[in-house]
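Structures incoming, each one as structure tokens.
Both of the next two complexes hold chain A, though its partner changes from chain B to chain C.
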Partner chain A sequence: MTTPRHRLPPPAPRDPLARPQLHPVPPGARSRAMQAMAARATQGRFVLQACTVCDTATYPPRDACPRCWGTLAWHDQPTGGRVLANTVIRVSTDPYFRDRLPWHMGSIQLDAGPVVLAHLARGLEPGARVAMRLMLDRGGNAALFALPSDAAQVPHPEQGATSMSADPQGRTFVVPVAGATVLVSDARQPVGGALVGALAAAGARLVVAGLPGPAPVRDAHDPVLGLPGVQPLPLDVTDPVSVAETVSRIGGPLDIVINTARHVRAGGVSRDGNLLAQHRALEVSAMGLARLAQATAPILAGRPNGAFLDVLSVTALAGDAGHAGFAAAEAARLSLLQSFRHEMRSTGVRVLEVFTGPTDDADYQALPPPKVAPARLAAAVLDALAQGREQTCVGEVAREAMRRWLDDPALFVRETQP
Partner chain B sequence: MTPLLTDLVAQLATGAIRVVDLANTLSSDFPVIVLPSEFGQCEPFRMETVSRYDADGPAWYWNRITMNEHTGTHFDAPAHWITGRDVPHGTVDAVAPRDFIHPAVVIDISAEAAENADFVVTRAFLEDWEARHGAIPKRHWILLRSDWSRRVGTLAYLNLQDDGAHSPGPDADAMRFLVHARDCVGLGVETVGTDAGQASHFAEPLPAHSILHGNGRFGLQCLTNLDQLPTFGSVIVAAPLKIKGGSGSPLRVIALMQEA
Partner chain C sequence: MSSAAKRPRMAYDGVVMAAPITVPYQRFSSEPAHGWAGAALRALARETGLGPRDLDGFSFSSFSASPDSAVGLVQHLGLMPRWLDHVPTGGASGVMALRRAARAVQCGDAAIVACVAADTNQIDSFRHTLATFSRFSQDAVYPYGFGGPNATFALITQAYMHEHGVTRADFGRICVTQRANAGSNPLALQRSPLDLDTYLAARPIADPVHLFDCVMPCAGAEAFVVTTPEIAAARGWPAARIMATIERHNAYPDDPVQRRGGWAMDADELWAMAGIGPADIDCLQAYDDYPVIVAMQLADLGFCPPDAIARFLRDTHFGIDGTLPLNTNGGQLSAGQAGAAGGYQNLTEGLRQILHCPLGAQVPGARRAAISGFGLVNYDRGVCTAAAVLEAL
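Now for the complex of A and B:
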């Protein structure tokens, strides 16, 4: 049960005597307006400021309309554009770009109006139609990226994203799964199980499937856990010994951690509140995240595309009277995750979050639809990695909750706690 | 010191009396009993370091530990079961110190348990055993040697199948025989509970817990090294922690036995 049943493809060869390679991040300081653009980029939106008086869209982000001094507001914009000019940077004093030369850039005439300086996918020449992406670079700053429009206009986002990860510059903005070693913290629950299968299908080199106890005898012959390249290991995020041992037993360097562990139990605060269940929820959601982060962050920081993705409940935003203890645990988890992301900025490790509403499994059997199917949540996790998107909301419940929370948090809290 | 104790200490020193450790190591990966999911569960052992000769304590090492009262090798007091709720001195802090030391009889069911994980110890089995080995003396711990402790570290220890746990244990008639006819001190087992894995489905469910504790007797679970003990003649030292109002306690269980 504890060893991979199939021989793994070897990792990329590396000189054992070479000193570890540091992974610098792109230059950091940005204006407040640019930070606001990055905040929207986390959600995968393509936004520009537009003047509330004269309607002109503008770039780069500013504090007032350059045409009429009117107030600016963020708006989603059409993503089309045309390459005006391109160039290749062959020399740079910046440590991040120096490691990745040559670097392709160009000016783009956006359909939305402004001319912008953007990172270019390989092969884009002046006159080419492009589809723009607003990405986050490895330092967490907003960056415009131009993809050939035919590659981006395919109906399935995963296929569009493939061209991001296929492009040598595009790869630096996303989290490639192909060839990566991935740890799923709880593969016993349906969401984690679906994720293990999806990661294996997406070409991960090794998927380590964490199995919290108690361990049934059927663990020895689970079909998903028996897939080639899947290594089941006992892992309980409430146990520091278990976390340390599991991490020590992963063959090859770890690239991606996906934390699916959670302990969902119904109950209120003063009414029907089971303190032991609430304590366990906190141990899994909050302390579990901290244990996992402490054990894996140094390894992830040594990898060129290290990432930590956390799957959490959207009830972290405002609580949930029906699952008060669990929602509190998820709120604590979100808080830790945000601090962890700031901590990781300087290392280039991407910290991503995927919010979900109730999932269609035993945890939420008492709730009516809409619920998120485990396979759908797994697909959303793979898409978040492929797009390098920091924040993803899966399903109607999570998307609607996030929309309303961003719109008016005070009202949202009132409406969700009847 | 009386000659009796002097003699005991001397024999311990020469090794004429051997001390056998009957406790499993308390570690985070030691399995705990799994109840149907609608019930509260047994927390496994957890240990977090407070300091280890580091900034949080440069010269000292200590840990914070958490667990259920019934985690690892542990003692069940009468108050653990509803049948024992009114038994006087039924909680661990009130158990009489004289009950910490009792002789034991070891009943070997390892062959039967290897053959059948659901092996049930019946009154007939015990009477047949007595016919071969002699009567079970009064006021003894009854230790069921199943060799289940050899499964520790494998899925076969809890042996959680899709229909629940499968491990050996006694039925109600066997328990009544041990408690009333043989006046046992308690029942000690290598499995995670004194009752069989499937004992919640018996006609009289969970008879070991129900009958032992209802009559003020004790339980010892997750024992090991029972294969080193003689059938008769060993003495068990089992002193639970003095937890106020506690229902049980992890503990170190030792056996004293005379070397042949």
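Now for the complex of A and C:
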């Protein structure tokens, strides 16, 4: 058992008779074409349909080209635009927006052609140049957001993200870390450790560092676990009692869960397969996610900006002959995550995934580069939260795998199981 | 504009309209749309002596009769028509129902067509109507603050004010005068006098749209009959003839923000067919969901010179005793917007004025009325426009 060196005041006692605060989500019904736009928004792309015959870009999403009746396909589009008209909505009949009035929106002439209605960052007036973002709202649906173009045209995504989270409306589309209470499920591995440090540096109010298994002596000297605002707690995601105990001991309402737990071991299915290791991998990756989700979902649902971010291996997509059991566990984890995301749509809790390739740590010591440095993975997680991006691939291996899988899944499966 | 050669429009000979019916509006009603349609037909029966089997044509418009269409209403109300129409175009539905029924009667497909618009307004049904209004609204409008039509028309109003130098006070003159017109209409939901200062000081709803720029959603029903002059004469119904009509959908789709409606595309045809001009009109019943749309109709239909709308709004007296009597029942801005019936009340009021049986004050000596409709904000603008010119027999 680790003794926390940094003690926070105990959580204030809860009034069991207090009226629960409801968190309605934005109106959710969408056409199939709009769902297809949201599917691309999950990857942070800015897309519109364009005609396969006459090339005209169109919006709102349609099922045929309004100019020539040709079929439509999704394409990445230039993000520039100009404000045509704007308004401040002060009266709304929708419960979600009633809680957030006044609301700024307007019409934008896109450089890509169509006129779109969009959420507007504060201060945008007719004639202003904007940079468009295709975001997901708290109900998981695609939403166009216009930022001042000077604020969005910065080289570093982190800085661009600042302007989303700096805007009162922009904040509702992202997961603010500053001031939040965050649980990292496995902070002992290098990735989790780097993440705890990055979250503390980003201004999290409290980072709960989950520490699985018996505490090694080095915990006591770990500089990250000793940071102010970091609360180390024992957490074994394979043990429901440990999960429940740890969640109950967190000082203050939990806003964000980041699940970094995993059990990586090499081996095939029949050849060099270790059933114990495979079972452990499933317990950590799949059942561990289920345990964490069950214990934390009600808490996250009660928070205004609740989010669950899962860090998982891109081998979840199509398997990995060299780590068959681990890849299977990660595939099960991805499947559970997708169902969990669907469940959370009605609560406004964002469920995000960060795919990684092999990380540059003891788990993948036998593999040659390229590997993802823990600090880089931590930065990618922070960026995913800052952008509210549902799906992120970090590093060349994960990005390339996702590209090939989206392009031709059957071919990709053959190539990853040589 | 179309590449197909245009044949000359056939006049509406052998057709009249009669029996304008308005069922008194209510702010909220638990009665379904079917009940409001029944009330309209009851009133029509009192006015004309017609019963369910006397109608051989039926046209129906409603937003709140779901899951029923005109077919469901036929069986519900015991009709046995040989001609049936469902016109789902909201604020344009009155004129559109009229022109379809007129051709049916003219060609002998039907002899007595009852055109009915009925909508209820249950608690929270306005929000539900908005949420499920159209696919484009659902996908691309309401998720952006759910301001409803107020937000959409705020954008149109802002762009229009900027383009034409129109001020809030200019729009205010429309709203204030219509409220004065409503003063004599006992059925108007809002009859208390409104002055320009109160209009200007009203709370903002979606800038620059303020409280008195918005209609009050309500429940209500409207109806009229389209038939032959012979039947009208035999039954002793005061009637009017149709001088001309137009309709247009999705006009000027490349205007980035709506700055005109389909009227601008078809006004010349309207006046050519009518054989008169805007100056010969005794009253204009224009669709008034927002004052900016009234201004567009005044300009697009030729009541004011192009690019002079701001001055026209300042110089024209729109009262019942004015130079251009406008929305003489108070319009929807004062009388209330009863869903699709809002696209009928302009027609019934215009018909009443020229038949000299108004709900409120009479436009002195009125013989000719222009009616204009505007419907269905499918995405960022109203899609359907229509207009008609009527003359008392």
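Here is the rule we go by: the second predicted complex is superposed on the first by the 400 of 418 C-alpha atoms of A that agree within 3 Å, B and C clash if a C-alpha of one lies under 4 Å from a C-alpha of the other, contacts with A are read in each partner's own complex, and residues count from 1 in each chain.
Throughout what follows, contacts are C-beta pairs under 8 Å (C-beta built on N, C-alpha and C of every residue); 3 or more make two chains touch, one makes a residue touch a chain.
Treat the numbers as computed from the prediction; the structure is a model and nothing was measured.
For the overlay on chain A, clash or fit between chain B and chain C?
fit
Between chain B (first) and chain C (second), which, if any, makes contact with A:Gly251: first, second, both or neither?
In the superposition, A:Gly251 contacts neither chain B nor chain C.
With both complexes superposed on chain A, which partner does A:Ala215 reach: first (chain B), second (chain C), both or neither?
first
So, does A:Ala143 touch the first partner chain B, the second partner chain C, both, or neither?
second
Touch check for A:Pro304: first (chain B), second (chain C), both, or neither?
Neither partner.
Mind working out whether A:Thr93 is in touch with chain B, chain C, both or neither, as first, second, both or neither?
A:Thr93 contacts chain C only, not chain B.
Which partner chains sit in contact with A:Ser242 here, chain B, chain C, both or neither? Use first/second/both/neither.
After superposition on chain A, A:Ser242 lies in contact with chain B alone.
If you stack the two complexes on chain A, which partner ends up touching A:Ala118: first (chain B), second (chain C), both, or neither?
second
Angle at chain A between chain B and chain C: what is it in degrees to the nearest 10, using CA centres?
With chain A as the vertex, the angle is 140 degrees.
So in the superposed three-chain picture, is A:Pro24 touching just chain B, just chain C, both, or none of them (first/second/both/neither)?
neither
After superposing the two complexes, find the smallest distance in angstrom between C-alpha atoms of chain B and C-alpha atoms of chain C.
38
For chain C, which residues are in contact with chain A within the complex?
Per the stated touch rule, the residues are 126-127, 130-132, 135-136, 138-148, 150-151, 154-156, 158-159, 162, 203-209, 253, 256-257, 379-380.
Tell me, which parts of chain A touch chain C in their complex?
On the chain A side, the touching residues are 26-27, 29-31, 33-34, 59-61, 66, 84-94, 96-97, 103-107, 109, 115-119, 126, 137, 141, 143.
In their complex, what parts of chain B are in touch with chain A?
For this pair, the touching residues of chain B are 27-29, 31-32, 34, 40, 43-44, 46-48, 155-156, 158-162.
In their shared complex, at which residues does chain A touch chain B?
Within the complex, chain A touches chain B at residues 1, 213-220, 234, 236, 238-242, 274, 276-277, 280.
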